[in-house]
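One chain, chain A, appears in both complexes that follow, with chain B as partner in the first and chain C in the second.
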Partner chain A sequence: MEDVINHLEPLLRKIQGYIYPNEIELHWGILIVIYPYVTGLVAGAFILASLVKVFDVKELQPTYRMSLLTALAFLLVAPLPLLAHLGHPEKSFEIFLTPNKQSAMAMFGFVYAWYLMAVLLLEIWFDYRRDVIVWAQNERGPRRWFHRLFSLFSSDLSDRALKFDRKSVQTVTIIGIPSAFLLHGYVGFIFGSVKANPWWSSVLMPIVFLFSAIVSGIALVMLIYMLVTPMRRKEMDMRCLDKLASFLFYAMIVDFSLEILDFIHRIYESEESIGILAELASGKLFVSLVVIQLLIGMILPLGAIAVVKLFGVPAELRRLLYFVSALLVQVGIFSTRYNVVVGGQLFSKSLRGLTSYKMTIVGVEGLLMSIALLLLPFVILYILFNLLPPWTGTGRGLMTPPEGSQK
Partner chain B sequence: MNLPDQLSRLKSLWTRTPEQTKRLSLLLVIFVALFLPLRSLLIPADFGEIGHYRASALEENAEQHIHYAGQTICFDCHDDIVHTRNQGYHRGLSCEMCHGPAAAHAEDPGMSQLRVPRDRGYCPLCHEYLASRPTGFPQIVSASHNPLKPCITCHNPHDPVPPETPRDCEACHAAIARTKAISHHVYIPCARCHETPEEHRVNPRMFRPSKPMNRDFCGECHYTDAAGSEVTQRVERDTHGARYVCWQCHYPHLPEAK
Partner chain C sequence: MDILSTKKKSAPKYGRRKFVKNLFAMIASALVPGSLVAREKRSDKPVLTLANGYKPYDHNWGMGVDVNKCIGCGRCVEACKIENNVPRDPFFFRTWVERYRILEDGEAVVDSPNGGINSFKNGPGEKAIVRSFFVPKLCNHCDNPPCVQVCPVGATFKSPDGVILVEPDYCIGCRYCIQACPYGARFLHPETRTAEKCTFCYHRISKGLAPACVEACPTHARIFGEVDKKASPLQRFLRMNKIAILKPSLNTEPKVFYANLDMEVN
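Showing the complex of A and B:
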C-alpha cells in the first residue's frame, strides 16, 4: 500500500480537474507507442517494395531488396514491445493454440504470423533463391551452410525454375499488398474501435494509420539507402532518390489531408468530448501534436520537398534536404503514435479532467528499454545485410572488406 | 485405369512440380506435423467444454475463500441494528462497508472480531468536504467540525441524524462560507443578503432562500448617497457598471476578486 501511494503521489499533483481514480496512471506507456510505430514502418517499407514489383517503378529497383529486408528486420522486433508489456509474456503463444475469434487483439497474432510467414519470408525466399544458390557455391564454412539452409538445399537454376521464382514473387506481392494494409490497418482498427474513447473512436483511424505508415516506411528506406550507400563507398542513384522523395511527398499529402479531414470532422461534429479534447490538444499535447507532429514532422518536410520539386536544386543540397526531411518525418510519425496512444489516455472519461504521463527511465517499460527496442531492428538489419546483401552483383556484406584481402 | 498407369501419372506430376514448391511444401508438412500434436499436447483437456476457457477454472475460482457474508444474514442476530439502520440516512450503506468482511463472523461470532471504526478519521472518508461530491450530500470540514471528539459521540453510526437541525449555513455551504470568511464581506451575515426560511435547514431544496434581485440592493451600502459606515467604498449609482447587476462583475461572497 505504501508503495502504491508513493508511486501515485507525484502523479496526483499533476492532475487537472476531475478524473476517476483508475485513470491516474496510464496503462499503455511508451512501449505501446513503439509498437504501432514499428509495424507502421514494416507496412510502409513493404508497400514501397511492392511499387517496384507490381507497378514496375524501375527507378526504385535499388531499394527493392533493401525495403524487404527492412520490413523483415522491423517485423521481427514488432512483437517485442508487446511482449515486454505483458505480465506473462511466456503465455503469449497460447493465442495461437486456442484462437479466440471474439478478440481483435488475439486474432492479430494470426495477421502477424500470416504476414511474416506467408508474405514477407516467402517473397524474400523466392527473390533471393537464385543468388543464394550461386553464393553458396563459392563459399566455405558457416556462411555456406547458412546459405544452403536458407535456400532449403535447393539447387535448381534452370530457366524454368527462375521463371517460376519471378512469377511467385509477383503473386506473393499481389497478396502482400492487402496483407500489409491489413497488418497496419488492423492496428488502427484496434484503436479506432474503442467506442468509449472519443480520441480514438473513429472510422478514419485505420486509414490514417495506413497512410502515416506508408509515409514513415518510405522515409525510413530513404534514410537507410542514404546511409548505407556511402558506407559501401558507392554513388547514390539520384533518380532513385528523387523518385522516393516524390512518393514520400504524395503519401504525405494524402496523409495530411486525411488528418485534416479527421480534425475538421471532429470540430464540426462537436460531440460532448470536444471541450476536453480541445483542452488536451492545446495543453498537454501542444508540443507533441502541433509543434512536433504537424509543424516539424509534416509541414517542414513537405515544404522542403516542395522547394526541391519547384526549383532546380543542386544534387548535393537535394540530398541534404531529403535526408533532413526523412529524419523529420520519422520524428513526426513517432510523435503521431505517441499522441494517439498516450493522448488517448490523458483525459478522463468524465470529460472533466486530465492526467499526466510520466515515463520511467529504467525498468521493462522504461526509456532505456524503448531505446534498445528501437535500435534492435538496425542491428538485425546489419546482420541481414551481411548475410543476404541486397545489392546485386556481389555476394558480400556491408562491411566485409573487398575480395582478396579476405583470407 | 490400372495401377501402374496411375503411378506413372503421379510420377510425372511430381517431376513437373517446380522444385521450389516441393521444398516449401515439405517445410509446411513438417510444420503442420509438429504443430498439431504439440497443440493437442499443450491445450488443457477441459478447455472449451463450456466456453473459451478451462472448465476447471470455474471450480478453482469457486474454491477461493469467501470473505464477505452479505447483509441479509446479519438480520438473524442483529435485527435491532438492521432495523435502525434501515430507518436512517445510512440505509444505503451495507454493514460490511464499515465493519469489513464478516463471513467468518457470521459463521462463528465468538471466534472472529470485526472491525469497529470508532475513530474520528473514518467517517470523513465519505463526508469530508470535496468539490466533486454532489451538491446536497452531507459534508463537513472535519478540521472545524467539532474537532477532537470522535464522530460517534454525537452521531449514531447506524442512524446518523444530526443531533439538531443545523443552525449554521456553513454546515452545508462550506465553500461559500469559507470564501466569505476571508472576504471584505466577512462581517455581513448571510441572512442580510439571503432571507432564509427556517424550513430551508431541514428541507433545503423545497424551501429556498431569497437572493438579491437588483443593483439597488448592494447600493443600500455602496451608493454614494447611502447611509452607513465611512469605510464602505462608494460608487456612482448611474455610471458605475450601469445596466448590469453588480454580481455580473463582483462575486458577492468575495467582492474584492477582480
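Showing the complex of A and C:
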C-alpha cells in the first residue's frame, strides 16, 4: 500500500485541468502495452508463414519455419505480462472456470488455447514430423529423446504418411489464418469496445490492430533472418529479403491508410471528446504519436523501402536499408501500442483534463520487468532454433531438405 | 360395414372406458407439467432472503441528488470513507464532490481537492464568477452497467435489487471494469488489490438504514429510495423535479438522478 501511495503522490502535481479523483492512478501500464505488442508479433509472423503454404509465395520459403517458431516463442510469452499485471494472479484460472460470457476479456483464455494448441503447435508438428524422426535416428542422448518425444514416438516415414503431413499443414494453415486474425483482432476488440473511452472506442480498432500486427510480424521475421543468417555464416537470400520487404511495404500502406482514415474520421465527426483528444495528441502524446509512431516508425521506413523499389540499389545498401527499416518499424509499432494503451488513459473521462504516466524502474510493473519480458521470447527462440533448426542443410549433417518444404 | 364389424370384434380388449381413461391421461400428461411450469413463472419474483431477513428481489434502489441543495461541505465524502473503510489518501473515493465555477467568459473551472472531503476554499480568481455549484458524484448503479459486462470472471454483478456490487473473493484485479466505467466511480483498493466502488452501503440498506452519505448530508441534497414504488421519497423526488442523468448518450441507464443539473456537468 505504501508504495502505491508514494507512486501516486507526485502525480497529483502533474494533473492538467480536472480529472476524476479516482483517475490519478493509471491502471494499465507498460505490461499491458507489451501484451498487444507481443500478440501482434505472433499473429503477424504466422500470417507471413501462411503466405508460403496457402498463397504459395516460393521466395519466402527460407523464412517459413523461422516465422512459425517466432510465432510460438512469442505466443508462449504473451500471457506473462497479463498475469504479472493482475492484482491476484493466483486467481487467474477463474477465467477458465467461471468465465463471464458477456466479457470480451473472458474469451482470452479460449482464443489463446485454440491458437496455441489447434493451430501453431499442430502446424509445427506436422511440418517437422518427418525431419524430427530422421534426426532422432541419427542422434543419441537427451537430444534423441527430445526429438522422439516431440514426434510423439511416431516413426512412419511412408509416402502416404508424408503426404498426410503435407495435407495437414495445408489444412491447419487455412484454419490458422482466420485464427490469427481472431487472436489479434480480438485484442483490438478489448480496447475498441470500451464505449466509456473515446480514444479506444472505434470499430476500426480490431482492423488497425490486425494490420499493424502483420507489419510488426513481417518486420520481426526480417530482422531475425538478417541476424541469424550471418551468425550461421550463410549467404542471405536476396530474393527472399526483397519479397519480405515488398510484403512489409504493402502491409504498411494498408496500416497507414487505416490510421489516417481513423484520424480524418475523428476530426470530421468532431464529437465532444475532440477537444481533449487534440490536446492530448499535440501535447503529452506528441513525441510518441507524431514523432515516433508516425514519422520514425511509418513514414521513414516506407520512404526507405520505396527508394529501394524505385531505384536500383546495390545489395549491400539494400540490406542495410531493410535492416534499419525493420528496426524502425518495431520501434514504431511498440509506440503504437503505447499510444493506444497508455494514451487512452492520459485524459480524464470527464474530458476536462490530463494526467501523467510514470513508469517505475524496478517492481512487477517496472522497466526492468518489461525488458525481461521482451527479451524472454528471444531466449525461447534461441532454444527452439537449437532443438528444431528451421533451416535446411544444417552443419549438423542431419538432414536433406524435406520434400514438404521444397514445394 | 365390413370395417365396422371387424373393429367391433376387437373392441372387448380396448373398451370405451379404457379409451376415455387413456384419453384423459394423455391430455393430462400433456397439460399438467406445462401448467405447473406456467404457474411457477406467473408467481412473482424468485424468493431470496438474506440472513438478516432482507429480500433483495423486493427492491430496486436508486438515489436522487439535488444540485441546488448541495453546499459542498464534504460530509458525505467523510462519512463514506469512515463507514466503508475507504483509504484516506486522495486517490480512492466511493463518492466525491465536484465544484463548478462558471466564469464571465463562459469557461467552466472544475475542481475537487481531495474529493471535496475538507470542503472548498475560495482562491483569488482573476475573472468574475457568474455562477457556481457543487455536484456530488458516486457510482450510478446503472441498469445497463458496462462494468458488469466486461468483468471476465463475473466478480462484479448487478444484484436483484439493482445495486452493482463486487465480490472480492472472485475479483482477479484485471481492472477492466475500471476502464469500462464512464464515471470514474471505481478504483483498485491498494491493500486488497481488488476493484472497489460504492455499494449504496449495502450493509446498511439491507437493514433498512439509509446509506452513510445520505444520513450525513445536512441539507438533504441526497435522497435514497425505491425507484419503482410510488410511496418512496425517491419517487416523489423524481415527480417533483426536472431530472437529468450523467452521460445519457452512453445508454448506461444510471439510477442516480440529478435535479437542477447544469449542462457543464459530465
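In this text, the second predicted complex is superposed on the first by the 385 of 407 C-alpha atoms of A that agree within 3 Å, B and C clash if a C-alpha of one lies under 4 Å from a C-alpha of the other, contacts with A are read in each partner's own complex, and residues count from 1 in each chain.
Following the convention adopted for this analysis, a residue touches a chain if its C-beta (ideal position, glycine included) is under 8 Å from a C-beta of that chain, and two chains touch if they have at least 3 such contacts.
Small disclaimer: the values here were computed from a predicted structure and weren't measured.
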Notebook entry, point to check: Should the superposition on chain A be reported as showing a clash between chain B and chain C, or a fit?
Noted result: clash
Next item on the list: Could you look at A:Asp131 and tell me whether it touches chain B, chain C, both or neither (first, second, both, neither)?
Entry: neither
Next item on the list: Applying the touch criterion given at the start, work out whether A:Arg160 contacts chain B, chain C, both or neither, answering first, second, both or neither.
Entry: first
Margin query: Once chain A of both complexes is superposed, is A:Leu12 in touch with chain B (first), chain C (second), both, or neither?
Written below: second
Notebook entry, point to check: Between chain B (first) and chain C (second), which does A:Met105 come into contact with in this model arrangement: first, second, both, or neither?
Noted result: second
Next item on the list: Pick one for A:Ser168: touches chain B only (first), chain C only (second), both, or neither.
Entry: first
Next item on the list: Could you tell me if A:Ser348 is touching chain B, chain C, both of them or neither one (first, second, both, neither)?
Entry: second
Margin query: Contact-wise, after the overlay, does A:His88 reach chain B, chain C, both or neither (first, second, both, neither)?
Written below: second
Check: Looking at the overlay, what does A:Leu152 touch: chain B (first), chain C (second), both, or neither?
Finding: first
Notebook entry, point to check: Which partner does A:Glu23 reach: the first (chain B), the second (chain C), both, or neither?
Noted result: second
Check: Which chain A residues are contacted by chain C in one complex and by chain B in the other?
Finding: 18, 94, 98, 100, 102
Margin query: Per the contact definition, I'd like the list of chain B residues that touch chain A in the complex.
Written below: 18-20, 23-24, 26-27, 39, 42-43, 47-48, 52, 132
Notebook entry, point to check: Where on chain A is chain B touching in the complex?
Noted result: 18, 94, 97-98, 100, 102, 122, 125-126, 129, 152-156, 160-161, 164-165, 168
Check: Where on chain C does chain A make contact in their complex?
Finding: 87, 89-93, 96, 98, 109-112, 114-115, 137, 146, 148-154, 170-176, 178-188, 190-194, 250, 266
Check: Where on chain A is chain C touching in the complex?
Finding: 1, 4-5, 8, 12, 17-25, 27-28, 82, 85-89, 91-92, 94-95, 98-100, 102-106, 108, 190, 194-197, 345, 348-352
